[in-house]
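Here come two complexes built around chain A, the first alongside chain B, the second alongside chain C.
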Partner chain A sequence: MSLQQSDIEKVAHLARLGIDPADMPEHIKNLSSILDLVDQMNAVDTESVMPMAHPVDTAQRLRPDEVTETDQREQFQAIAPQVEAGLYLVPKVME
Partner chain B sequence: MHDKTVAQLGAGLRNGEFSSVELTRAFLERIEKHDKTLNSFITVTPELALEQASAADARIKANEATPLTGIPFAHKDIFCTQGIRTSCGSKMLDNFISPYDATVVSQLKSAGIVTLGKTNMDEFAMGSSNETSYYGTVKNPWDTNAVPGGSSGGSAAAVAARLTPVASGTDTGGSIRQPAALCGITGLKPTYGRVSRYGMIAFASSLDQGGPMTRTAEDAAIVLNAMAGFDERDSTSIDKPVPDYSAHLNDSLEGLKIGLPKEYFDEGLDSAVGDAIDASIKEYQKLGAEIVEISLPNTHLAVPTYYVVAPAECSTNLSRFDGVRYGHRCDSPKNLEDLYKRSRGEGFGDEVKRRIMMGTYALSSGYYDAYYLKAQKIRRLISDDFRKAFEKIDLIAGPTAPSVAFNIGEKNEDPVSMYLSDIYTIAANLAGLPAISIPAGFVTDRPVGLQLIGNYFEEARLLGAAHQYQQVTDWHNHHPEGF
Partner chain C sequence: MEWEVVIGLEIHAQLATKSKIFSGAATAYGTAPNTQACAVDLGMPGVLPVLNKEAVRMAVKFGTAIDAHIAPRSVFARKNYFYPDLPKGYQISQFELPIVGAGHLDIELEDGSSKRIGVTRAHLEEDAGKSLHEDFHGLTGVDLNRAGTPLLEIVSEPDMRSAKEAVAYMKKIHSLVRYLEICDGNMQEGSFRCDANISMRPKGQKEFGTRAEIKNLNSFRFVERAINIEIERQIDILEEGGTVNQETRLYDSAKNETRSMRSKEEAFDYRYFPDPDLLPVELTSEDIEEIRKTLPELPHQKKERFTNSFGLTAYDAGVLTSSRELADFFENVVISSGNESKLAANWVTGDFMAALNKAGIEITKSPVSAEHLGGMIQRIADNTISGKIAKQVFEAIWNGEGDADTIIEKKGLKQITDSSAIEAIIDEIIANNPAQTEQYRSGKDKLFGFFVGQTMKATQGKANPAQVNSLLKKKLNK
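Moving on, here comes the complex of A and B:
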């Protein structure tokens, strides 16, 4: 299946991924060929097959609703790009 | 000392033939001498290593040693290591000093291993040649023009060149087994859920599994004993007792039924590699195994299915890298959207971008049923093929990779041809089965890997079959010249 530049732009936006315009032709070519590979799946009739989300069929484990983690904010924020007074800083969202 | 296996080194340490400090110094010197050529390490941690080695020597003296106490060890740089950079082979995490240890790392620490450093890998474990690493390509010690395979290429090259006796790896579609094959070492991917994923940077959560990369199956058993086990911090960890994987290495293979899937020996397989695999099957016959031809009819769908499931999970997992809490952040962002887009655009390499976009496409509105749901259904068919096969046989044998190591640069222009390097390994991940690659010969002086796939939680049987083969062959004892 052949993708258009607009398809790549849409997907890159959904993924919040900046794409260098110079790389666009390469991405169009490569993603189109990956889709061709993936399209081999269409040859199979899967009408009555149950989807398999997980390799081992077990129920999701639950745990008691108790606090188990301690406060490690300072340690975690020590590796953040920009923090102030215990908050992560980002560019202004509202004027 | 560097020629010895983990089992031999452990015995030497406990008998007082050498100390862990001496051993650690010897390996650090080898890394210093050879890794400029190989580039198998991203970070070397000599101070930590020597500190841990002294502690290990004290523990050995006090008779409190485990089989791994004092053994030098290298971690794939995907495992979080507290206080040590954990880059995942990416510019995105070049500045990331992990604030905690992965469960695998803390388990091995308590067993007393000595951390030599962190090994090179394809960026976020996405690749089959180690060429997507931000830190440069790793060279295959058997031929420095060749790739070591990937994504655990640094671990494989370091073990093959005996810069470390053992390394950890992770396997999402073949990332332990394919580099093990291409570098002529032993690599085990355990059953999904057997080894904790906590602190192992996630690529595709329903496929990722950590495991040991060693020179022998006996060593893999020793390391798996310390790596495996239930972890309540991993929501898909399996709560099942861990057997002693070293206990059944010497069991006879008399009457063992080995299935050869005819789809693993078709025209896609290099004929010289096929001959080496045939010869190794004959060894198994001599050991008393019964060889049965089987069919896994949906094999050809494994790669297409994987390239929906893995990118879909990757696009979700990698959304956490947003330039806000940790990792790379772009300079002077104009607004929040610009911050996300430029931080991610600058931090991720091409292959990672491709997979994020492929996964986002497959999960996007209007395409979900055609791609993701369809892939999950075919995943069931692939898994059912194995279920039916294991009703009649005990193990599956075949090649790990369709060819020996290819040259650096040979496949990195065409992602799809690279993806097909994992044609024989991916199905075990989709089904969640354990599988091992062991050295089985050479073609044009590059190693061939034999893959054995077992039923769920039958790692002991896999390791036993691999060990028995290593008792009657010596492929695993060959060393690359010059290292």
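Moving on, here comes the complex of A and C:
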């Protein structure tokens, strides 16, 4: 399957990735070949196989409902670009 | 043209766990910003989410209560989008394999009939943080205390056909999650909120119209108003020959209108995929049975028992079982009253609830205990006091003056049932009012009320009303 430049631009935008136009042909080629591999796998009859949700074939371990974390706001906010009144400040987003 | 509305609801219920769904941070409401947001909630590199067992148990409890299929294997997925209150750049949710599958519950309609509403699914996910848009020099402040709070998203089938039905369904789910003790149901604090999907179609048409989704409705009143205003908006568009856009809208309660959320015009593409940080959740049928056994008596079961064993009307039983606290209170009143269930229902749904409403007090904080109210009802039933005097006694109990017996004794409110005492009073009244007696005896029946009033006045309301009536008749008709 061969991807268009617009496909790459769309997924890059959704992932908020900036792409150097010079690298575009390379990305088109690599991502298209990954989809070729998917096509190849799609051709295999998997009718009787239960899909895996994870490469490790085991179940989720559950944690008891206990509060184990203490307040470490000072440390976390020390590495934040901007904070005020205990809040993390970010560029304005409005509905 | 006659239009029909089609409504489906997505209800978000915050699960009442102590810690978050994937981290050991606390979930308490109203603490200082970001003091309950740990490295996992902040989406720091290298952290690993570990699922809270209690959140799973609560989701299954809900599922078993609505007769839903519980998935033996469910999977968490990443829902990808960028917003500052979601630091990871994705929300951990469930997509293809939710923990709770199709179920249903019945709502009561205004005409007394009931209607079955389908629940498509209910899945576990994490809540996002809160954005504060005011007073930060043009920046947005982010509080991530809520990020990672467990949510159960309950998705209904598009089965509702009016705003009233939608509210009845939402109230039913609200009551259920509180009965199950899996959500505190506090709508002001956002523990229980709802999105509504609304579309119109010509009455009789099978296909659905294009729907709009109204986000974040956090009161029953707003749900009803927002749906009705959206119905009007869509009908106006359709009748002018236009088409409804499939979009997300916000309800503005101040202006009572819905408006498009412009920032979301760019079509969302969440690119769900299984979260590699989490393994599938597996539940055996024994696990599920174990949880099913912990189900309390459910609202509809309790309602049935109240009508059958207490002889209550369906309406009273519905009111009394609307919350578990009220139902428990009522049952305690019945016990303390010596099984005077009908009188107890009248008092609880009448004067008692009116007093709570007037004072704006929750039943759990009631100044009148179930034992005191039951004790008073017992005194009405055994004719110690009349229903009228009981209102005085109730007020005194409310004001903390003690139990009914103490108050009746202290204030001398005991009903006069000694007929010779009442007869003496009546004789005196007849002697003092010869003109009225004369008129009554010559056919002016209306004056009977005058004599009843005089007698009650003379006894300060303590005479047994039925006894007064029969004694007066006897004396006056001589």
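Going forward, the second predicted complex is superposed on the first by the 87 of 95 C-alpha atoms of A that agree within 3 Å, B and C clash if a C-alpha of one lies under 4 Å from a C-alpha of the other, contacts with A are read in each partner's own complex, and residues count from 1 in each chain.
The rule is short, and it goes like this: contacts are C-beta pairs under 8 Å (C-beta built on N, C-alpha and C of every residue); 3 or more make two chains touch, one makes a residue touch a chain.
Not measured: the values here are computed from a predicted model.
Contact with chain C, but none with chain B, is seen for A:A59 once the two complexes are overlaid on the shared chain. Of the two partner chains, neither chain B nor chain C is touched by A:A22. Of the two partner chains, chain B is the only one touched by A:P81; chain C is not.
In the superposition on chain A, A:L14 makes contact with both chain B and chain C. In the superposition on chain A, contact of A:Q72 is made with both chain B and chain C.
More residues of chain A are in touch with B than with the other of chain B and chain C. By the touch criterion defined above, A:V44 lies against chain B but remains apart from chain C after alignment on the C-alpha atoms of chain A.
Once the two complexes are laid over each other on the shared chain, residue contacts for A:N30 go to chain B alone; chain C is not touched. Taken together, the two structures place residues 14-16, 53-56, 58, 60-61, 63, 72, 76, 82, 88, 90-93 of chain A in contact with chain B in one case and with chain C in the other.
Chain B meets chain A in the complex at residues 95-97, 99, 191-193, 206-207, 232, 235-236, 238-239, 298, 300-301, 303-305, 307-308, 315, 319, 322-327, 329, 333-342, 344-346, 348, 350, 353-354, 356-358, 360-362, 364, 371, 373-381, 383, 414-416, 419, 429-432, 456.
Residues of chain A touching chain C in their complex: 14-16, 53-56, 58-69, 71-73, 76-77, 82, 84-95.
On the side of chain C, the complex with chain A involves touching residues 17-19, 23-26, 32-39, 42, 50-56, 75, 80, 82-84, 89, 97, 131-133, 136, 138-144, 250, 261-263, 269, 271, 274, 276, 278-282.
Chain A makes touch with chain B in their complex at residues 7-8, 10-12, 14-20, 23, 26-27, 30-31, 33-42, 44, 46, 49-56, 58, 60-61, 63, 72, 75-76, 78-82, 88, 90-93.
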